[in-house]
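Report on the structure given below.
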């Protein structure tokens, strides 16, 4: 029962925060709402036996990436937009496409589920599922090459960011 | 999730909370006293014996002060920010073991609020969330100095968090666990400050910077930024920031004790007492630093963090990794 | 353990080449020398170990292969990078690494003041790797790789001083002429693959006698195509023209590539593929005839050349001709034997010449030398040994190997072939001693300035000279006892050429020890006569050659100008092709191809003009279109 | 927790909802910053989906994917924000429809 309650709580807060993020005018508020979504998702990760990912979610996503966002928002001092949304037909098309996409995703989730409309049962998991040790094991064996590639990607990003930020614009 | 567990947890939460709330005035008093003596003054002595109640009196004063909110401020965020600061500090403390198991009413009660198996990540995560309290406070005031102070502070915290985390990783490499209780358990024969002295030094320096204490207290450099991010804060909200700063000092000290100084371990005295003694010594050290060192310049601070501490911590990690790999 | 390290033999020089090539300019000279010389030295040591292991095996199982990885796998076609060591390969491997090592050592002295020191050693190491790949390859494709790579290195090293137009031209010429030969070789490999469905040596050589009848057209075609490759690489008629020009390269290069190793690749290849030649008597005959004609032709040119290195170059061509004569009469082991001894004394001659040139600050004209005996004692002594060896004087190495070829020519090729060989031997002795006398004996014609700098070369140069001199003296004794039947090298090579016995051309004369000794005496006398005539011409009566040249002006000019072959090639081959190419470029290239390419480009440009109207520049419009695509895709997947 | 757990489908529904909200943000907001955040939201929705499937199949590869997504997101944010700052310095705007040079 505990999981169900927490799931309801986290999912509601995640969706509410997400809506707030998309429709708030003030960029700082948007960023804070996104932090709210991230924290809710972190809670859901714990429910899903992904403790390490949950911790990383807070540490990296909420703690580092979003702070960076906040920084930029504050540095740029972007005032609330006028108007908020894209004008004209693009907005209508945007909502329309997003709606269709949602219906399709819904369709997939429902149709690909368990037999006869019943949701697939949740399997029992080993006790150390999602622990840092287990993550480390497969990360440094099966996924070693992608891992190294990712590290190179990050380095490239760092160099790119520094170059972009340092360049003097005429 | 039986009822006993709930009660037990609630009690522990209350104990920790009460300890922090009562401890902070004591620390403030100690700070003023110690600095006073170091500067050849006496320090507070009027209110209560040895001026012990001085901080309480200050707190009461703050409580009754008028709560000013700047006209252009973002009210919600303005309220939220100091609360965020305090909450993260408390949450971080919840995973620190402050004593061995005790047996109460036939139950084995481990003396920490929660034994999270990713405790160190938890501490790092919550302290990184603490950045929000400061940066948002600075922004929400809608005033130049606080904004600058807030940005400075968060840049500083993000920068030093890296080296701090990495210095902890070398200990994690040795112990193979992320749980603070587990790390304390492995220090039965030797405190980790012995093999990991450099990691400790790096951790401590980063910790001082993380808590924005002297000589890294740039965000509130009154000579240039008035009072930094909390310039516009007054009354209880100011008190909350004040509380948060000292609570954060306690977090850093408690983590340092657990990771490098054997936690609650020690001979003769009960574990909790040892923990408190070590904590007091650490806090004294913080105060001592403040009395001794002048403030760094901002560029020096950033350069020190990125060009000295971070490489040093990486080097330490590499050496540890090699040693661990070789000794198995 | 030696044989398991076989792959290191070629690999070490490659590593050296990469190190020196990549780090060229950043490493100190000593480091470059250590890498360059050390890698080849180590490789030589391993080669010796491998050779020892090979000897320990019973003769019939002396063929060891070592696969490294699959190179190409495409349908039926399969090629491995696999090295094989058998007696023939072992001899070649030892010659390449051993002589190569000595020349590397020599280079540290000779090239010591060169600016592009690292580049030089990188090329030299790369060459060693390529040559080892060539001789140790286990299939035609890998061999061809080595074959092409040695050609490349040859090109790079001839044009090492690319600032000099002559060197650049010579490199280009070597490359182009070699291409003609390579074309034949490649066609030969194609034909082999079409015929046997494989390029593996083991498969091809064992199947050849079963699939191809003696004298069949396919065997002849394969043999001749391969031989075309050999004539290019080994500088035989008519593709010899590049070798004299190749002397523009540094002298150690001439010694290593254009005397001792690379140019013998053709001989090695013919010996390796002997089965095709034995299956095709006409092809075998072609080899012998081309060989003897080249031997004589080059020798006559060598008689009158004035550049010390060019004389040696023509001498090399001539000696290679002898090796082909050996192969051409079916005595492949004799050809290989001469290849080996020749590697010793010809490398020594070149290195000695290099020492002389070094001592004279770059002077190469024989008429500006003379009387150097006193100044360059070590160079002189070793050079004399080498000259005696190439002239075929007992008991030096050349005597044994050349006489064996001549004997085999007598035995299986007939008296005419033998006679031609003996005349060649006479000329060899004559021009080599002409070279020797003009350089070391008689009156000094050295210029004042050069005289001033005259000095014996450093230890790093004379050391290899001495070792090679020793080898030139004793090299022939590997064949002892020399009389028919007991030859040790022949016995060692026996497993490789075992199948040659029943297919070999019938002997014209019965082999007899008496005849063999008699022929030896004759050729020894002929060699001594050559030496005596040279002495008469260039020491006793220095005016004699000039008078003789005056009397036979026409013949002299013909020979002196190398039979005008270069000029004939220029006007009858090079110019027509060049002019034709210019025509093609103007008519076809510029008009049709460029037109088509530009036309396509212009059409695309025009289309793009239309397409770019779809680009609004607004990111969100792009995002919308992206979403549309995603929605359609997801929809397809969902409703499938 | 055994079969008592919340079915994976529910998590997928939440993920789909979050993804759609993020998509709306990308398509209709004008501020480049918000668009950027919306992309992060979409990435997180996918992450949730990954983790849910990871639990459903009892394999942790899904969690590894999340790990990689985060790394990529971090890289993307670093570069993307640097670009935004550069644009802002030049043009004093963070609105995507005032920046429309992204065409040939």
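The first chain written gets the first letter, and so on, giving A, B, C and D; residue counts start at 1 in each chain.
In the analysis below, contacts are C-beta pairs under 8 Å (C-beta built on N, C-alpha and C of every residue); 3 or more make two chains touch, one makes a residue touch a chain.
Which protein is which chain? UniProt says A = NADH-quinone oxidoreductase subunit J; B = NADH-quinone oxidoreductase subunit H; C = NADH-quinone oxidoreductase subunit L.
Keep in mind it's a predicted model, so treat the numbers as computed, not measured.
Undergrad: Would you say C-D or A-D is joined by more C-beta pairs in contact?
TA: When C-D is set beside A-D, the one with more contacts is A-D.
Undergrad: What is the chain whose Cα centroid lies farthest from the Cα centroid of chain A?
TA: Taking each chain's C-alpha mean as its centre, the farthest from chain A is C.
Undergrad: Please work out the Cα centroid separation of chain A and chain D, and write it as a whole number of Å.
TA: Measuring from centre to centre gives 5 Å for this pair.
Undergrad: Can you work out the whole-Å distance between the CA centroids of chain C and chain D?
TA: 65
Undergrad: State, to the nearest whole Å, the distance from the C-alpha centre of chain A to the C-alpha centre of chain B.
TA: Here chain A and chain B have centroids separated by 29 Å.
Undergrad: Where the CA atoms of chain A average out and where those of chain C average out, how many Å apart are those spots?
TA: From the centre of chain A to the centre of chain C is 67 Å.
Undergrad: Find every residue in chain A that makes contact with two or more other chains and list them.
TA: 52, 56, 64, 75, 86, 90, 93-94, 97-98, 101, 105
Undergrad: Which chain D residues reach two or more other chains?
TA: 23, 27, 97
Undergrad: Can you pull out the residues of chain C that are in contact with at least two other chains?
TA: Answer for chain C, listing residues that touch two or more other chains: 618, 620, 624, 627.
Undergrad: Check the chains against each other and report every pair that touches.
TA: Listed in label order, the chain pairs in contact are A-B, A-C, A-D, C-D.
Undergrad: State the interface residues of chain A toward chain B in the complex, per the touch definition above.
TA: These residues of chain A touch chain B: 2, 26, 28-29, 32, 35, 51-52, 55-56, 58-59, 62-64, 67, 70-71, 74-75, 131-133.
Undergrad: Enumerate the contact residues on chain D facing chain C in the complex.
TA: 23, 26-27, 32, 35, 96-97, 99-104
Undergrad: Chain A touches which residues of chain C in the complex?
TA: So the residues of chain C in touch with chain A come to 618, 620-621, 624, 627-628, 630-631, 634-635, 637-639.
Undergrad: Touching residues of chain D toward chain A in the complex: what are they?
TA: It is residues 1-14, 16-25, 27-31, 33-34, 36-38, 40-41, 44, 47-48, 51-52, 54-58, 60-61, 63-64, 66-68, 70-79, 81-86, 88-90, 94-95, 97 of chain D that touch chain A.
Undergrad: Can you name the residues of chain A that touch chain D in the complex?
TA: Going through chain A, the ones touching chain D are 1, 3-4, 7, 11, 14-15, 18-19, 21-22, 27, 30-31, 34, 37-38, 41, 44-45, 47-50, 52-53, 56-57, 60-61, 64-65, 68-69, 72-73, 75-76, 78, 81, 83-87, 90-91, 93-95, 97-99, 101-102, 105-106, 109-110, 113-114, 119-126, 129-130, 134-135, 138-139, 142-143, 146-147, 150, 153-154, 156-158, 160-162, 164-165, 167, 169.
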